[in-house]
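What follows is a set of structures to go through.
Heads up, the next two complexes both have subunit A, just with different partners, subunit B and then subunit C.
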Partner chain A sequence: MKLKFRAPLATTIAIAVGLVVLVGYFIPAAQTLRFIFLRMGIVLAAVALLVGVLNLISVHFRKISDKDSKGGYSLVLILALLATLGIGIYDMFKAHMYGNPNFEWMNWIFTYIQRPIETSLMAVMTVSLTCAATHLLRRKLNFLAIGFFIILLLVLMGTISLSMINFPILEDIRSWIIHVPALGGARGLLLGIALGTITTGLRIITGSDRPYEG
Partner chain B sequence: MTITGLIGMLIVAIFFGLMIIFNVVRSGSKKARLRSISAFTKLKQAIGLAVEDGAQIHLSLGRGGVTSPQSASAFLGLSMMKQVMRIASAGDSPIVATTGNPALAILAQDTINSTSKEVNLNRRGESSEGKLAGLTPFSYAVGSMSSIRDDRVSANILAGWYGSEIIWLSEASERQNSFTLAGTAHLPAQAIMYATVGEPLIGEELFAGGAYLDAGSMHEASLNAQDVFRWVLVIGILIGILLKFAGFDQIIHNLLVGIQ
Partner chain C sequence: MTKNHCPMCGKPNPEDSEVCQFCEARLKPLVASSSEEKDSSSLTPEQIPSQKDSDEQERTLPALLQDARNETSNEEVSPSTYNESAEKGAVEDWLLKLQDNLNTEDDAPSPSTEEDDQDWLQRIRALEAKDKASEKSPHSKKEDLPQWLSEIEAEEKEPEVTKDSLAADLMTKEMKITFGENAQEDTLGQAEMPDWLKGEIEDDALEEKLPDWLSMMNAKEAEEKEPEASEDSLDADLIPKEMKAPFREDTQEEVLGQAGMPDWLKEEIKDDAPEAEQEPEWLPSGETETPLEKKVNVFSQPITMDDEMEDPEEDIFAGDLPKWLTEATSEELAEEGLSEDALAEIMPSELPGWVEAMRPVKTPSQNDLEPLGGEEEYIENSGPLAGMSNILPVEAAINKAQKASKHPFKLKVTKDQQHLIALLESIISNEKRTVEKQTTPFISTQRVLRWIVGLVLFFSIGISSLYKGTLFSYPLHKKEILSLIESIQALPKEAPVLIAFDYEPALSGEMNAITASIVDHLMLQGAYLTIISTSPTGPVLAENFLSTTQTSHYYVHGQQYVNLGYIPGGAAGLLSFVIAPQNITPLAFNGADPWTMQPLRGIESISDFSLVLVITDDPDNARTWVEQVQPYLAGTPLTMAVSAQAEPLVRPYYEVTPRQIAGLVAGLPGGVSYEQLTGHGNLGQEYWNAFNIGVIVTLLMLFISGIVNVGKILVSKGKENEKKESA
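Coming up: the complex of A and B.
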């Protein structure tokens, strides 16, 4: 019975807030209210981050206790998470106590651990993308796939700045591909995506599509 | 109110009006005839096979936030998950959902709970769950890969907002020889999907997911409204080209600047 009451109330509030935010984009008078709701949304999203971190910890705790899975990685993840949290709290404490908000330790973690790891992952991704391009023709041998592959090669060759394979015509072809067919195609796709986004947004705002219970 | 704001509001109002009209027209009539998209046909087959084999289905909902412009693909992913759960409700294995956004993870868990209640899913032991796999693009991709590589998973559905990191998810899924359907609103990620995924959803096909998975008449009405606006845009672009050829482009440019 409680649920039956709660769901329509939550829906009504969600629809009302959604409509106010939408109208706020078009009517300047409703902008103040729109910003208030958006700020509330951002605060709620920050709270969700805390819930999400707890969810992440619980998932990895379960993996550690599960004998079949590789629990070692999960243990490292939890230890790293707790260590970073501890260092962050220490930096904040230091900033407030001594008035020195340089977050020295956190900056060190991001500069010497997070950034190098993400950069190396980016490098791995470049190799993965190249491999995927070479596997494309093996996976799908049709007109579109062949066209995709040839255009990819032309754009890559026009981008490479090695003196031995530096042909000005390739640069011109690359420039034409990027500025004419690729740009036109991207605009067409973006128009379709924009239309899909509008209808999805309207369905969510009006409550006609509510996958979650609320 | 500015003229631009008025035009924007008018477009949204017309869009909504069309959706309502098409929904009313469709109510009571038979299911709409939609053009065939092989990805959705094969998805239904893959769900059927997973149910028969007692295998799991993994849904990756991307890392789009609910308060950002990427939220549309995130919500669409949730709608698709709900429908997949309904279709697969006869199966023994729970569904696994991974996200890279905490708010989306909460909504995913809520969707799983409500849909489980709706279809009376009372499985013993494991139950479906929504996991937060990671908080940054790369950590999310790496975190989701463990779910994709699980031998019990026979189908992977990647529906939501992704960047270039989608390459790892799609490659991991293809290496497992699992059925893979992927759709996103991010154009560079769509190009990667086309090269790596067996069943990619290109352009706005992701947003048609609800209609193709029988999520309700409003989803079909949305497709009709989109088609109307698509034709309006096509005609508008053609008229624009003709006016440019006729030398009226500067007048129109000045008119649009004046409106702003």
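Coming up: the complex of A and C.
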């Protein structure tokens, strides 16, 4: 028989820890306990990262064993992961032995593999966004589409500064757009995020929300 | 020497002993006077009761005591009336009325032989006999009646006959026994009843002829007795069948009279009732049965126990007495030390007649205990009740397999559900259809457009990056950049500065261009740098940043800067680092103890740093630093260098009073502006031409595409309008 201790136990732990951490903000005597819980949270997060890496390896191992799926990419991924891990351990070992954390091999991987790949993806995204912007008025020609298109042009025009063609009014328009409508919208987003965070915290503390599958 | 026999075990004991030597039962009762007198009338356990003639003794009683006896005799009859009253409750009213009529008709002509009746009662009886005699001559009256009246009378009598037959058919066996018992009691009252009981019956018969005042008194007495009778009848209802059986047997014995009686009882009855056997005067000679007896026999015929009563002795003693008692012989008694003389000395005591009359002379046999319905007795053969009889067969009921009842199955479906069902059916049917794959042309307009956009951007930006001159003017100075510059310039030499590298490698081109001038400024100020990151790639990015952009300052790890590595846990980890940095990061990125190194000497908390610089491309990271770290800084300025996409969400923390961040540099224009203000050109100015060319090309493409798209839409709408107009 399967005993379902998981749900009430997880809920109890979550509520208790949440209350202790919350009380630690207001009662100095509870700050020590709050700090203990925070340190435990850090360790759990690090372990969760390691568990995620192991899960990634297991998933791609299954894909390699599956003849139907394209296991070649998974094989490359696992080999790259193991190689990077081995190089990182080697650099860490060398740094501990000689005390010079230059991380030569890791810097080479980062400089010549990881950063160019990610930067290229950003460049491709730039081209894709530009193509999408050219299609902005192609499907619909209404007030919102025209307004969005005009604001986009104004902000981009306010970004550039041609020495031979100086339009101070464009810079003022860009500044106004950023400081008034964009700033107002950003503050609204931040307030919404803050209220959502408070609500989520209260729901977790009261047990109404159990994102830990309790 | 006479021996005193024990009344309990029957064994002889010395005469002077008070307690039995064998069973220690008391031989001499504590109240000797009364017991000695009643020794003659006491009954020994093994003695068979015999009916004694108590009529002579009763005649000697005074009149007052006889009246009391009569009252008690009425109550003594109650055991038989228990069943009678109980059964009457179940019998139809018309049947009871019929029985009452029979009783009154049969009781009336019974002659009385008691000598001590009152004179006035005798006179009343004589008058009554005359009236009855006149009523008993129906032939003379019938001859006087006209024919039509005699036919009506004949019709009225026919239902009585059918009632009797119906009663005989409809009554159950138990009812028949009770009903027949009542009738036979009346019959026996004429022939075999004791005298004192006959007197009671005569009194009942004479009650109808009593004066009004006397009948009213009797009625009152009857009303007083009725509640008792009703309670008895209720008790009789509640008595189980097994307990009722002895009563039925007694009454049957009384009903059946000599047929079911043992010999000793028959002799007693013959001796006691010589007068009762005399035929009444009104009975025609030659008839052995009175009309009442004929009617009673009609009810008593269905009784099925007659066969058993043919041999009354066997019926009484067969199988009822225990084996040890039936097999007891004189030899066994002799073995027990009891001689025949001793046995002869055990004189059986005598009971009063009325006690013997009430004593059951037969124990219930197994046949008597059978259910009257004639069903076979069920004996449980399994389970905890195995061996017990007269119980319900539980297992049979449980094991009785029955088919489940079929309920009509009607599916209740609403219209909405029917619509959904139809939709599901259509989806399933569409799944079976084979859709031809649309072959897209290798060269499509969309693909061509993407290639054109990509190539234009690539060549425009690439060519512009080759040009080292100044094509575009630098951006205007902003106050948030000036605030950051003022904060850095205010730092003393070798001031500890905490720098957070929280951005992704994909945005490292933009972030390095923004941050290079700021870090360069810090190094020029001679600050000790402490690097931390909440992103796993942050520490490597920091090392790469220092090794690519700040090589001119020759900063060495552990001497001018310390890389503390990665803090897991997001906001919680960052808060823990703020509270106790030494506990959260006890080791540096290279595994050494950072807190003994020069950059971190004297650092106990985050407020001990002179400046905090957060480099991030994510507005959420910027928000986390503002919310979790800024309250603990205690005057230490928190500054930020963010990407252009994070500027709108970070700027509100600067555009507030008091400011939550002391300085802000956002995007490549901010970095270029910072370089221009500090006078140290760096990556920002190198990227500035390419950045502006790329923005201009993008603007042109958007502008051209927008005009083309709007033109197409207008043309299409114009054609539609023309078609409408032409149509």
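Following the convention adopted for this analysis, the second predicted complex is superposed on the first by the 172 of 214 C-alpha atoms of A that agree within 3 Å, B and C clash if a C-alpha of one lies under 4 Å from a C-alpha of the other, contacts with A are read in each partner's own complex, and residues count from 1 in each chain.
The criterion applied here is as follows: contacts are C-beta pairs under 8 Å (C-beta built on N, C-alpha and C of every residue); 3 or more make two chains touch, one makes a residue touch a chain.
Everything quoted here is computed from the prediction, not taken from an experiment.
Q: With both complexes superposed on chain A, which partner does A:53 reach: first (subunit B), second (subunit C), both or neither?
A: Touch status of A:53: first partner only.
Q: Does subunit B (first) or subunit C (second) touch A:203, or do both, or does neither?
A: The answer is first: A:203 touches subunit B but not subunit C.
Q: Of the partners subunit B and subunit C, which touch A:211 in the superposed model: first, second, both, neither?
A: Once the two structures are laid over each other on A, A:211 reaches subunit B alone.
Q: Quick one: classify A:22 as touching subunit B (first), subunit C (second), both or neither.
A: In the superposition, A:22 touches subunit B alone.
Q: What is the contact status of A:169 with respect to subunit B (first) and subunit C (second): first, second, both, or neither?
A: Once the two structures are laid over each other on A, A:169 reaches no partner at all.
Q: A:192 in the overlay: touching subunit B, subunit C, both, or neither? Say first, second, both or neither.
A: A:192: touches subunit B, not subunit C.
Q: On subunit A, what residues does subunit B touch that subunit C touches as well?
A: Dual-contact residues (subunit A): 38, 41-42, 44-45, 49, 118, 121, 128, 133, 135-136, 186, 189-190, 193.
Q: Spell out the part of subunit A that touches subunit B in their complex, as residue ranges.
A: Residues of subunit A touching subunit B: 22-23, 25-28, 38, 41-42, 44-45, 48-53, 55-56, 59, 69-70, 117-118, 121, 125, 128-129, 132-133, 135-136, 139, 148, 186, 188-193, 195-204, 206, 208-209, 211-214.
Q: Which residues of subunit C touch subunit A in their complex?
A: Against subunit A, subunit C makes touches at 446, 449-450, 453-454, 457, 470-476, 504-509, 536-537, 540-541, 543-544, 547-548, 557-558, 563, 567-570, 572-573, 575-576, 579-580, 583-584, 588-592, 623, 647-649, 651-652, 655, 669, 692, 695-696, 698-699, 701-703, 705-706, 709-710, 712-713.
Q: Tell me, which parts of subunit B touch subunit A in their complex?
A: Subunit B residues touching subunit A: 1-2, 5-6, 8-9, 12, 15-16, 19, 65-67, 69, 71-73, 75-76, 78-79, 81-82, 101-103, 105-107, 109-111, 113-115, 131-132, 134-136, 138, 142, 146, 164-165, 167-168, 171, 185, 187, 190, 192, 194-196, 198, 202-204, 206-208, 210, 215-216, 218-219, 222-223, 225-226, 229-230, 233.
Q: With touch defined as at the start, can you tell me which subunit A residues reach subunit C in the complex?
A: 31, 35, 38-39, 41-46, 49, 92, 95-96, 99-103, 106-107, 110-111, 114-115, 118-119, 121-122, 126-128, 130-131, 133-138, 141, 149, 152-153, 156-157, 159-163, 166, 171, 178-179, 182-183, 185-187, 189-190, 193
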